[in-house]
Every structure is written in C-alpha cells, then in structure tokens.
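Input: a single structure, listed below in structure tokens.
Labels for the chains are A, B and C, by order of writing; each one numbers its residues from 1.
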Amino acid sequence: MGSGVEQMGFLVFSLLFAGVLYLHFLQAHRAWRAIRGRQSLELDMGYVRMENYFGHSFRRKLKQWLAALPMAPGAGAGVRVYDHGRERIYVTREVRYPAGRVEREMVVSEGVFSCGPNCDFQNEVMVRGEGEVGEGSMLQAIAADGALRLGQGVTVRRWVDAAGRLTIGADTTIHSRATSRTGIEFLPGACAQSLFAPEIVTEGRDDQPAGFSLRSSGVVQIPHREGGTGQPGSGYDPARLFSMGGGTYLYEGNLEVTAPLHLRTPLVVRGNFSCGSESLLEGDLKAYGKITIGQGSMVKGNLVAEGDLLLRPYVYFQGLLQAGHEMRISRGCRGVRSGLPVAAHATRVLTLESNVVIYGKVSSAERVLAVSTPLAWLQASQPGAGMQ
Amino acid sequence: MNPAISTGGRAAPRTSIYPHRSVRSVRPTRSRRLAAWGTACLAFGVIGYFAVPLMALHSALADRLLTWTGIPNAGWEEVAVFPGLEPGKAPLVPVPAFAQVSGKARLGLILGMVVLLVMTGRILLFRNLGNFLVVLLGVSAVGNGIFDTFRLDARVFGQIWLRQELLVWMLMPFAGVLLFLLPQPRLRMGLAWMALAQTYGFLFSVLRFVFCLGMLHYTGLLFMPLLWFALGTLSDLLYLLLFFSMSVHQASGHLWGVRDSWRSQP
Amino acid sequence: MVLSMLFLGAYALRHYYLGYARMRLEHPREMNEFVGFVMPRVTVLVPMHNEEKVARDILQALVKCDYDWELLEVIPVNDRSTDGTRGIVDDFARRYPFIKPYHRLEGAGGKPAALAEASDLATGEIFLLFDADYVPGPAVLKMLTAPFADPEVGAVMGRVVPHNIGDSLLSVLLSLERCAGYQSAQQARFNLGFTAQFGGTVGGVRASALRAVGGWNPESLTEDTDLTMALLLNGWRTAYVNRAECYEEVPRNWAVRRRQLSRWVMGHTECLHNYWPDLLQARFLSRREKADAIFLLGMYLTAPLIVVGWVASLVLFIIPSAHVVPVLPVAMLVIGYLLFSNQATFFEIGVAALLDGTRTRALLMPLSLLNFFANTGAICHALGKFYWQRIWGSGGDGWYKTHRTRLGGEGPEVGAGPGPGGAARHRVRGLYSADGDGERG
C-alpha cells in the first residue's frame, strides 16, 4: 500500500509520534534519574515531641546565629547588632521600651525586659531575665528564661515560652502555644491554642481540700456486682450493656444516670453519657455523643467524647480528657495524677472557669479560653452544694 | 491557627519550627469549590455548544496531517456522532483486508511481538502489560486470519474516535476540578493547568487519530486492538496523569517554598 | 459489564472521597496532643527469622526510644533462625534488662504462629509490633500508645515510609503507593470514623482486646487484617497515627513484590470470605461502616474486573453491531467511567504527594501506570490461585517472609539520642526541654 515516499512520510511521522509519547514520560524519567541510588531522608529520625518545641527550637537557632553571625558595625553603647539575612538581631543588657514603641527587629535582652502599653514587636523577643509586657502590646513570639508577665489585652501572634512563671493577663490572646517550666496563671478573657506547665491555674484559686468518698447506697454500679442482676433505674438499663471482651463494656444508646455512678471498667457508650454528682469513674469512658460528669465526681480514667465534654464543678480528674467538639471545665475542678501530667484537648473551644487547677496541659484545635465564673454561681457552688 | 501559615509582622513565619514535614491539609474555601464546579459546568456547556466546530477543527487538523504524512485520503464524509447533534466528518482512508496486507506489515507484527516479549523478559515491571499486548497482537493475527471478511473502514473508525474524544473533552473539566482546581493553592494556577490539559488533550487526540489512520492504511486491522487499547482512553489517562503530576510538583513547591528557604539558613 | 462498571465505579468514588476528605482534613481526630501523656506498660514484639542483617538496627533503635524503660519490655521473637540472629539478640539482652528474647525452636512456621506464642509471655497492657527490618524513631512508641487513651481503640497503626526509594524503579513507585495508602486513605478513613487497617507492623494492639478476640490467627496469611476484622466485630476500633512514622524496606525487584502481593491478596480475600456474613450482621456497626469494611476486604477483586473492562471495550470495538449511534447519556457514562475510574487511585497518590511535599516523586505518576498494570496482573494471578485452591482444596501457600536485601548498618540511622552508656540520663525523657542542648534532628 502506498509508494515508498508516502511510506517514508508516515515513518517519519511515526517516529515523531513515538517521541511525543516518550515526552509523556520524560519528566518521570528525569525524576527517576534524580532519585536513583538515593535513600529517603524525609523523616526526622531524631524527633522527640516536646511541648515547648517552638521555644526550644527558637533558642537553639538563636544560639547558633549569635555564635556564627558577624557583628554589624555602628551599634550603640551596650547594644550588639547582628545581620541575619533581611532581619537584624539586637542584643542588649536589658531593655525597657516606652509606650507605643514599634520594633521591627529581633530583640535579645540579657537581663530584664519590659515595655509600656501598646508596643509592637514584629519579630521574636528573647529575654534572659524576667519580662513584662505592657497592656495592649503585640508580639510575634517571646521566650523568657525567668518569669514573664503579659499584661491585659496583649496579642502574641505565635508562641510564648517561659522558664519561670508565666502570667497571661486578662483578654490576652496567644495564637499558638504557651508553655512554662514553672506554672501558668491564666486570667479571665485570655485565650491560647494550648497551655502546658506543671501547674495551670485560673483566677480565684481556692485550695481548700475536698476529699472524695463514694456513697454507700443509691449508687448505680457498672458493671453490676458479681452475683447481682443489675436492676434498671436511674437512667441505666442493664439489658443495653454488652461485653466487648477484655473487661471492656459497650452500652447501646444514651446512658444518662441521674444517681451517683460507680464505673469500674472501661466503657464505650454509643450515645450521650451523664452521671449524677459524686460519681466515681475508675475505668476509661468513651461516648459517641456528649459527656457530662456530675459535680464533685472523681474521674480516675480517661474521658473521650465525640461531642461536647462538660465537667461540672469540683470534679477531680486523673486521666486525659478529649472532646470532639467543645469542652468546659467548671469552677473548682482539679486535674492531677501522680507520675504523669494530665491533659485535656478539645477540637473546638475549651473553656476554663475560675478556680481551676490543672497539672499538665490544656489544648484546643481552636482556642482555650478562660472565663470568669458569675458571682451567683460561686456562692451556690461550694463543694457538696449538689448543684447539677 | 497553624503557626506555619500565621501572618502579621514583617518577618516570614519560621515554619521549620512546626515539627512535622507534612502540610496538614489543603482546604479549598467554599467560594473556591463553587468557582471550581461552576467553571467545570461552564466548560462542559461551552464544549457541548461548540461540539460541531470543535469536531470540524479536529478533522481539519487531521486532514492537514494526513496530507503532510502522505497517507492517502479519498475525502471526508459526514458521520452521525450522537443523536440530535450535527454530524461530524470522518476520513475515507483506504484500509486493506487481511489478505491484502503487505508482507512487511505481517513481519512488523511478528517483530512487534518479539520486541514486546524481549521487553517483558528484561523489564519485569513491564511483564504483565507486555504480555497483555502480545496477547492482543496474537489474537488480532489469528482473528484476522479466521475472519478475513471482517472490515473496519476508516469512516467507522473516525466515527468511533470522534464519539469517544468529544465525550472526553466534555468530561475533562470535571476531572480538572479534582486534579487541578481544588488541590492547587492558587486558583489561577489551577485554571491554567486545566486549560493546558484541555488544549493538549485536543491536539494529542489529532496526533493519535492520524497515527491510527496511518496504521489502518498500511497494516489493516493487524495492530488495531493494540492501538485501540493503548491510544484510546488509556492515552487520555496518561496525559492527564502527566499534567496532574506536574501540577502537584508545582503546587507542592509553592506550599513548601517557605520551609525550604528556612532549612537553608544556618 | 454493567455490574463490573458499578463495582469499579463505587471503588473509584471511594478513592476520590477519601482523597478529597484527606486533602481537606475533614473531622481530624487528634491524638497527637496526648503523646507522652499515655504511658501504659508496653511490650514490643519483634518477630525475627534469620534477620542478622537487620536485627542490630532495630534493637538499637528501640533502646534509643524515649519510653520509660521501667514500663517497657522488648521481646525479640527469634523464630527458628539459623543465622546469627540469636547471638545478636542475646548480646542486647545481656546489656539491657528490658530486652527479653524468646527463642522459638520448633512449632509451625510463620509470623502469626510466632506472635501467638510470644504474646503469651508478654506482660504489657499494649503490644507494639515492628518487623525486624523497621527502624522506629525515638518518639514512635509514645505516639503509638497515645490513642489507647480511648477505651474503644483495640489496635493502632502507624505509618510506614519506604527508605530505599532509589534502589529500583519499583521501589520508588511502591513508595508512591504507600504514600497514598497511609497519608491519604488510612488517615481519611480514620478521620471519617471508619476503622483503620492494622498492618501488623509499626502498630500495636491492646492485650486485653487481643485476648478477647482469641489472639492471633495462625491460619491466616494476613493475620493483621484478620485481627482488624475480629476486633471490629467485637466493637473495637483501629486508630491510625500518621505522625508515628517508621522507615521500611520495600521490595526492590518484581519477583519479591509479586510474592508479597500474592500473600496479601490471598490473605485479604480469605478474610473477605470469612468475615463478610458477620460484618453484614454486626450489631455494633453502622451501614456505612459495614460498607467500608467490605470495600476494604474486597479491594483486590477490582483487578479482574478491570481486565474484564479492557477486554469488553476491545470486543465492543471490533464488533460491527456495537457501532450503532449510541444514546449520549449512556455513552457519557461509559466514557466517564473509563476516564475517572482508572484515574481515582492516582488522585490519592497526588494528594498524598502534595501533602508530604515529595515533589520529585510526584513526577513519576505517569510511570506508576506500569506498576498499575503489573499489580493488576499479579493480583489476578493470585486470585486465580486462591479460588483454585478454594475449589479444589489443594494446600495453600505458607506464610512467606519478604526477602530483605539490606546489609547490616546500611539502613536509615536514628539521628540523635543517647548511646547505650547514657541509660540513667534518658530513663525518663521529659515533655519539656529546659534549654537548647540535646537538640534532635
């Protein structure tokens, strides 16, 4: 078919066409040549999770920069200046900024750091001593080796890390993590993405001891005692309790117990869960819906709610709390356990009322917020007042 | 509040402090999603509306290529593509019956099978695909030998081709939404990739069509099962994958640029 | 043909749904915030059969982990090794009291059987598992235990990341496949409330849950999938921790890959046959959870249907009666199916590469078509073998250990961390770093 010239034309076209087909693989071929013989380096094989990762990483970098960068000429008395790419690092013995000062460069104070109201630090601040930030000021991020006090209405665009005590003033906003090696005081209206410290307290701390003992009668037992039948009542239906094996139970539907509850094993509730005041939860608990823990209860296990999680006043918890939506830790609640810190995490807003003390961490994918407890609540909510 | 993307302040956020290598998510906004699907629907409508001119352009380009490559064509005949749509044009390239196929073409088939067998022996990853292609060639040879009267003329082939490719052009914007418009951090880049893929798909279709016509003319139906398999929707998948891979490469560079610059610092 | 299209179409939709959901990170389930706050007593089980090339690496990596040694027990399960594995394991046991080797000298072969025996000796509340060629980073143990704060979690799965990407084209294409499977599909399924798939390595299981479902199934070729389903039927879930990453070695040649794939296909399909009636009747699973579990188990059945689709398309092409002018919507459906269904798995790969930032590897997607064809053929072959054995009752394949090619010390190194001499210093690694010293990575 066809003359030799015609066939030659098609042959040339075929070769060109084969070339076009190869072009579809050219990038892949080049990529393969770049990868061939290599090992993947994508994992940070030495990574260890630390809660103050940001502060830690910043301190480490700063140390490297100050050791490696040449000092810039023309610095004033007592001030060393380092050029770091497009930015500069000012190192001084101590810093006291007047009100309204705008600072674009990175600041390192080798002593005390303080600033008046409404200052704006557009780069990181490192404080070797103690620090105080005036109300209404804005910061990029700040690390302090001593105590640090953020005044009212301060905004931190990223993180705060202090080796000493960290006070987060009322209405202050920290857009990322706040960590302290000593303790954090979190005043009403303040919010952060997460707080981590050996001790986190909100305003109005009241350290009167509140011992816990389970009532001797009228308590719903889950699972029912050996030999007992588990009578329905107080919102609990034993017929809906199933064993998953391994000592863990599953409850089908809502479990809303109005009486005190003694939960002795891990339990998964396929619905909402609530228990009466002064309950004792020894096993871990998960609910597909909302979890509400009655006032004055003792929670020894972990609580995991797919929905909201509410701790009513004066609940003691010794495990971890997780909420798929919002979490509210009411006034007088305590989170403490021996050996390890506790943690509470919510996907939405986590609210801390007054007189809350948590030894560990509170975090949220949105924000952790401190709120004042209304006076009327405070008066009516002494331990044992029975408020639900 | 991912600090890696926090803004404010003159300095770029120090994203390496974020302790993981992955980007947590790419979240197209609601307006982006609406814009993406709206664009796809619009493109679908436009291509549907201009289907006849597009097919005519496809035929005109194919005609030019047929002339350049010296593949004889007796003309173009109108063929029905879909009911309710004006007809497209299919070429009248002569196609030989099996008995008329030249010895060279038959030799080419045997050579093709040998090459494929050698490749499957040498490249294990290619083995399954290669074997499948060899089977296609073998079945084609046997089938042509047995059913010598079976003919697939260029007119019918052109009709099938137009029918398939028109649908690919119309549906491709929807593939573009998922592959380009939603994953791209910048909408304009997504639109650019989508337009590029669409245009390329059209031109590549002309090339494939002419190549198949040439093969039909010179080798009859011997290679057609293989070509239909390899140059049909599989080729559409191939170039979509090519553009998708390049767009991911580019988008990834955008998302990761800040991190890379940080890593290079002392 | 229509049934095949419906079946494959459903899988394609699932791929797009999972890929898109992962890209947007819909309903994230954050367990990372609890890393370091959940510290149960843990037993790490490391099955080893002739692993002298890699045994030292994993034991060294486990020693460097930041888990409290008083809460840690490592049991290297020396399963009838005939090489130097025993010597290496005993050497580590002499130096570290929490390493308690179990030398298995007889009994049925295979990982499930070895695990079943070793699990009886383990004292931990949680059993974590690593294959001998894996190298966990120092934080991985804490990351894998964190999800057990949830009492419903019976097992947990971490992410495996191939390190030998440059060994061969197959290795790098498999790395793309793994990337999609973990970063995209597993993460999305977990976030969307489906159970993740326990993979038998870089994962863990709650000891009480394991005992509740009767332990490891030594009859199964994929004891991990079998366990996932057994747990699910009893109300337990498998969590996925994307951040708990661990390097693995993927097959560098097709012969090894084909045998690996064959075992997975046969094991998976066997699980499908064993569990689908129970899954459909499961009291504690919603309809979408049931559907997801069946989809998961039936995924390898897509391969023969894809081949059927190709053949049908060719038959339609050469049959003159099929060339009649079709109805537009029907034709659009067929072409849409061809265009979108084959592309669905690549969408997941692209999303995962985008999130991981593996830019160069993303460019290999056109070549991954080769892997697609190779897998399709191998899966069809394995399914044929499975059903042949099922119908004619001939003996099935035994458990097959994936061939390792790494030489000792060739694997990825655990970057920093104290050496063996610093035991007291890192007995308890804090959650808070006081200064800039001792940085990692």
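As a convention for this text, contacts are C-beta pairs under 8 Å (C-beta built on N, C-alpha and C of every residue); 3 or more make two chains touch, one makes a residue touch a chain.
Just so it is clear, the model here is predicted, and its values are computed rather than measured.
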Middle chain, criterion being Cα centroid separation: C
Centroid comparison with subunit A (C-alpha atoms), farthest chain: B
Geometric centre distance via CA averages, subunit C-subunit A, whole Å: 29
Centre-of-Cα separation between subunit C and subunit B, whole angstrom: 33
Euclidean distance of C-alpha centroids - subunit A vs subunit B, Å: 48
Residues within subunit A bordering two or more other chains: 24, 27-28, 42-44, 47, 49, 57
For subunit B, residues contacting two or more additional chains: 21, 238, 242, 245-246, 249
Residues within subunit C bordering two or more other chains: 169, 356-358, 360, 363-366
Subunit B - residues contacting subunit A, complex: 1, 3, 6, 8-11, 13-14, 16-17, 19, 21, 65, 68-72, 94, 96, 100, 102, 204, 207, 210-211, 214, 217-218, 238-239, 242, 245-246, 249, 265-266
Interface residues, subunit B side, partner subunit C - complex: 20-28, 80-85, 124-129, 131-132, 136, 143, 150, 152, 156, 159-160, 163-164, 167-168, 170-172, 174-175, 178-179, 182-183, 221, 224-225, 228-229, 232-234, 236-238, 240-242, 244-246, 248-249, 251-253, 255-256, 259
Of all residues in subunit C, those that touch subunit A in their complex: 28-30, 32-39, 66, 135, 137-139, 142-143, 149-152, 161-166, 169, 172, 175, 206-213, 234-236, 245, 247, 284, 356-358, 360-361, 363-367, 412-417, 429-436, 439-441
Touch list for subunit A against partner subunit C, complex: 24-25, 27-32, 34-40, 42-52, 56-57, 59-60, 62-63, 163, 179, 181, 194, 196, 242, 244-248, 250, 252, 266-268, 270, 283-286, 301-302, 304, 319-320, 322, 324, 340-343, 345, 347, 360-361, 363, 365
Subunit B contact footprint on subunit A (complex, rising order): 1-2, 5-10, 12-14, 17, 20, 24, 27-28, 42-44, 47, 49, 53-54, 57-58, 61, 64-65, 68-69, 85-87, 104, 106, 122-123, 138, 140, 157-159, 175-176, 193, 366-367
